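Next, two complexes with chain A in common: one pairs it with chain B, the other with chain C.
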Partner chain A sequence: MAIDTVPPLVAAQLNYLISHCPFSVKVEQMWSGCKNPSLLDRFTLVIPYCLDYIKWDVIYNAMYPLAAPDVIFGPEDESFQPFYGGNEKSRKNSLADWNSKDPARLLSLIIELRDAYIAYQRRRIEEVDDDRLKFEISTMLSREGIEMYMTSCTDKPEEVKFAVPLLDMGLNKLVAGSTWRHPQKIYLQVVFPVGKKHSTPPPPRLKLISSAELKALFSIEDFRLPPWLDGMCTAEYLPTLEEMLESQIKDAVSSVEMRRKFITALVPLFGRPIEADPVFCRRATFLASSGVFTFLVHFSLSLQFPKQQAGLTLQSSQHFNSNGMPVKSPNLSEYPWSPRWEPSEMADRIFDFLADECLNFKKYCNQLNQQ
Partner chain B sequence: MEVTEVQSFNPPLGGPSALPGGGGGGFSLPASRFSSEDILFCIDVGPETMVEMKVNGPNGRPYTRLESIKQAILLFVHAKLTINPDHRFAFTALSKSTYWLRKEFSSEVDSAIAALRGLSVDSSSSHADLTQLFKVATHEAKKSRGQNRIFRVILLYCRSSMPPQYQFPSTLKLFTLDVMYLHDKPGPDNCPQMVYDTLVEALERVSEFEGYIFESGQGLTRALFRHMCVLLSHPQQRCMQDEMDVPKSLIKKSPAAETAQGDDSVVSSQ
Partner chain C sequence: MDDFPIDKIQISGATLASLLHRSSSSAGDLHGYLFGHATVSTPNPLSDHPTATTTTSLLAVTITSFLSLPSHLPLPPPPSPTNSAALLGWFSSRRKTPLRPSLKDTTTARSLTSLASRAFTPQNSTLSLSPSIFLLVTTPFQDQLIHTHEYKAFQFKVNAFEPKSLNIVNIGPSFRSQYESFSPNVQFPMMDFELRGSNAMVEDEQGESLADRKKQLRDQKQLDTCAEGFDVGRLSKLMGSEAAYTGELEDLYDKMLAKIDGLSKLVEQTNAKVLEQENHNMRLRCRVAGLE
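Let's look at the complex of A and B:
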């Protein structure tokens, strides 16, 4: 039975790309382009661009392992010809200077092509006959790292999207102990309709987008964007937005400490936690007993804590449902709560509540078992 | 002198917390790097796992140790994933040496269920050798640590007259070892205390963080489940086993409770 394999030189370069790429690139599919169908020498790369993805096919040839690969861009990018034309000096590019034995070559090629793609999109967009857009480009681009993209479906009005990185504040360093693997970023996506003439150009569509891991600290869904006033441009809009965002992020960082104090206040009553999140302080689990009934107490703290009270569930160690799952209570929310109490008072009230409630939970578990 | 129970580490209720100091008992939750776990179970499948517990199953006959162990592991996996869905599990069995039941680490409960179904008793087992387990754990731990995870082995051992043999791997303390030891009552033909001491020695030498060991000779499933819940403790947040203060008893601090209970288990919030 032939097992599909990737030719070793290709595999070396692909693995290097995946593990060293500064942006998170993925392989969508692999297939064979040569006579031996079990040699996978072609693949589709999914590359993040402008808060979306572009897909490029990378075409090696297993029969000619020393040759450089070919790259095929998306059908809407027919005019993207990165290494084409120019004089002899500009011929120095990753493809012309290929070394199949160097595992880092595919990575440099992809980075080079992506940079060329950024420049290509920018050239196309600069050619668009739209005064507002031209003004935006001229005022926005003093900020680094902006990517832009123009959709060009003929049956839709054209739009130009900008991905504007916000807050150069080193988000990764904000929370001590965080093991965020990638640099956390927040972007403003600005989408301008173009092509139609208006007396006053309509406001763009605005959306905040953040990297996924940031959710543990701060939720952009809960952030209300400041209004876009008539006649505004992005360069005017950004400072207010960033000020608000920075202030709310600072609040989010202090919230971590409030949650930490609460968890710490539970310890004299509930004992040392079985496990508590020491970085974002979003959850803590304790082990408790009432007579011979032993159970877990799970606390979950939302980003709105203490305005929103801690979520509380119990889990039995002795009662199991038909799937072998230890029985859990529903979320217990009727306990006394005020965000203005000191953490020790919050803990006392919850403790007293649970001293009674765990007996109800035991009854509930026993009833389930009898069914 | 007849010893009815091996030396156990059951703490008194309301015992001291890990660190001295007033107020919150000295426990703090400092912001520190905190890793998800890769947990390798090693389940004894020797003949003594067929010994009956003192609790009957739904069909009226008593659970065997192995059945209780399987349930205890499921309890552990479910609870651990409720605490943090990023923890992962793999499974081995121990007859004379160790063999894989499920090699890939997974955070899916179904894969734990499938692995446990693959358990079958080896009635011929005599001495158990943990050397292979330690070797495998050391090897796997290196991989896990490369992914910023910590590695843990939970050994469930059931032999009352056979201390396990072992040779230590060349690199120690790459993983934490916990042990749950189920045994018969001590008698002239067995040596559960010696087995226990051998296990403690292994744990103390090999463990990266504080390893916990619990024993039970009473045949009570709820004691086994309770110990497994304590084993849920995240190794990076553990206190010394002697100083363990959980589970805490939830008794209200009402005046009626205080006079009725005397000084028994009344928890003060000070």
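Let's look at the complex of A and C:
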């Protein structure tokens, strides 16, 4: 059985695309289009667009990997014809003088096509006969990086989606030592129903969406969107929203500092942590003992720390259940806590509480083992 | 010019089968030109129904032949139109891809339809059509035993592909009209019936025989493209009432078959050479691409 291989020239371009692309591109599937089915020369790229994904098939030719690839767009984008129109200069595209030896070529092609796709969707939406939409576009377009998309399903009413990037404040720099690879962003999704004539147009559907990794710092699920007033437009709505978001993100960043201070305050009592989250300070684990009974103390700190007290679980390092897993206590919450205390006092109280609680836990472990 | 809608696209079963075979036997993807002819017909509605009085003419194109090459090679400049077959459009055949025109297909269709010099005129009409037919051939993503190919025909109109149905012409009573409208397109030299024995021979023998000789040579050349070694002078025996008619005709057919036989042998030999060269090229390409 032959092992599936990607022709080296194609593999070089694909790897370069995946590791260097400013947005996160994924390969959904790879398959072969030649007589020898172990040479994989075509694949589906999943490309983020307007808080959703578009799927494009890239068709190489394993028999002739020096040739430029071909691209098949999604079934709903049949009228998308990049590299058409414009003057002679804009017609010069990255497919025109293809160099298969240059691994960056596929990346520049995909970026070029995605830019063309943004322009294409915008052109389509500008043609929609809807007064409010026309007004929204004219007032919103001074902002950079807005993406829009029009759904054109036959069974659903038509909608125009906007993805508005919020807060041009460089979220990646806010937290010292973060290892985020892609730029972190928060977007407001605004969905306008179009096509039907209303005397008073219904308010748009609003949703806040953030890049996945940002959840370690700030949870947009906990954010309450300000109300949308009648007759409002997005350009009016955005400044209030951004102001609120900015202050909450600042709180989130200062919460990281609070958590760090708390973990540091635990050190004189428990010793150095075995494991701790050094960037967002959401977790820390200490080794503790009472006589010969040794156990681990897991602290989990929520984004609302210190308003929300630290989650506390104990894990024995000597007792195991029938599956061979170490015995753990349920989450302990009945311990003295006040968000107004200094971190050192929080740590003192927890240490005192655990001095008694660990005996109960030891008893619990022994009982479990006797059964 | 290119906006005239085509009502019917037809392809003979043999041509489609040959196209599919070429696609499945090739190492990679293929593309190429489609040739054929177009006709404008005014259907005669044989109906008593009073509303059926629309006499719109139908434009039907028939694909009769094709030219293919591996799709990593660019399409050659389109050949000039001939009497027998006009350039109708082009096709693209690629394995395991969605049955949708690709970026390259759009670009090719656009440049092909924009070539005003390649426009052709259907029989019995004054229309001017650009080569706007596009036939897309793919294979299913999962290998299947029976369902091995998929195809879809389009007309590239106003910068967009418009799907069209493709009629396959086969043998049988329902395709009778196809065969009735068939017109042979082999070019035979004019056969002129000579009135021998008149005194026309006598006058100016020298000059006339030179012109005659020239014409005879030209005719012989034309005849040689269809038959192997049949003297053009014998054609005249097919005219008139000479008794040798059947024998001459059979001999002509024999010579035509011999010509076809000779041609196919030549094709076979050159194909073998092309294949050998192609295999050699493929080995070199694999080496360049680092697949060895």
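By our rule, the second predicted complex is superposed on the first by the 364 of 371 C-alpha atoms of A that agree within 3 Å, B and C clash if a C-alpha of one lies under 4 Å from a C-alpha of the other, contacts with A are read in each partner's own complex, and residues count from 1 in each chain.
Operating definition for what follows: a residue touches a chain if its C-beta (ideal position, glycine included) is under 8 Å from a C-beta of that chain, and two chains touch if they have at least 3 such contacts.
None of these values were measured; they are calculated from a predicted model.
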>> One more residue to check, A:L51. First (chain B), second (chain C), both or neither?
In response: neither
Contacts of A:M140 with chain B and chain C, given as first, second, both or neither: neither
In this superposition, the partner of chain A with more touched residues, chain B or chain C, is B
- [ ] Look at A:S79 in the shared chain and tell me whether it touches chain B only, chain C only, both, or neither; answer first, second, both or neither.
- [x] second
Notebook entry, point to check: Which holds for A:I59: it touches chain B only (first), chain C only (second), both, or neither?
Noted result: second
Please work out whether A:C34 is in contact with chain B alone, chain C alone, both, or neither, and reply first, second, both or neither. second
TODO: Give one of first, second, both or neither to describe whether A:C358 is in contact with chain B, with chain C, with both, or with none.
DONE: first
Residue overlap on chain A between the chain B interface and the chain C interface none
Interface with chain B, chain A side, in the complex: residues 175-177, 179, 256, 260, 263-265, 267-279, 281, 283, 285-290, 292, 294, 296, 298, 315, 317-318, 320, 324-326, 328, 344, 347-348, 351-352, 354-356, 358
Touching chain A in the complex, chain B uses residues 17-18, 23-25, 27-35, 71, 74-75, 78-79, 82-84, 109, 113, 148, 221-222, 225-226, 228-230, 232-234, 237, 239, 244-253, 267-270
Chain C residues touching chain A in their complex are 27-29, 70-72, 94-98, 100-107, 110, 141, 159-161, 282, 285, 288-291
Touching chain C in the complex, chain A uses residues 5, 7-9, 31-35, 39, 42, 57, 59, 61-67, 70-73, 75, 78-79, 81-84, 95, 113
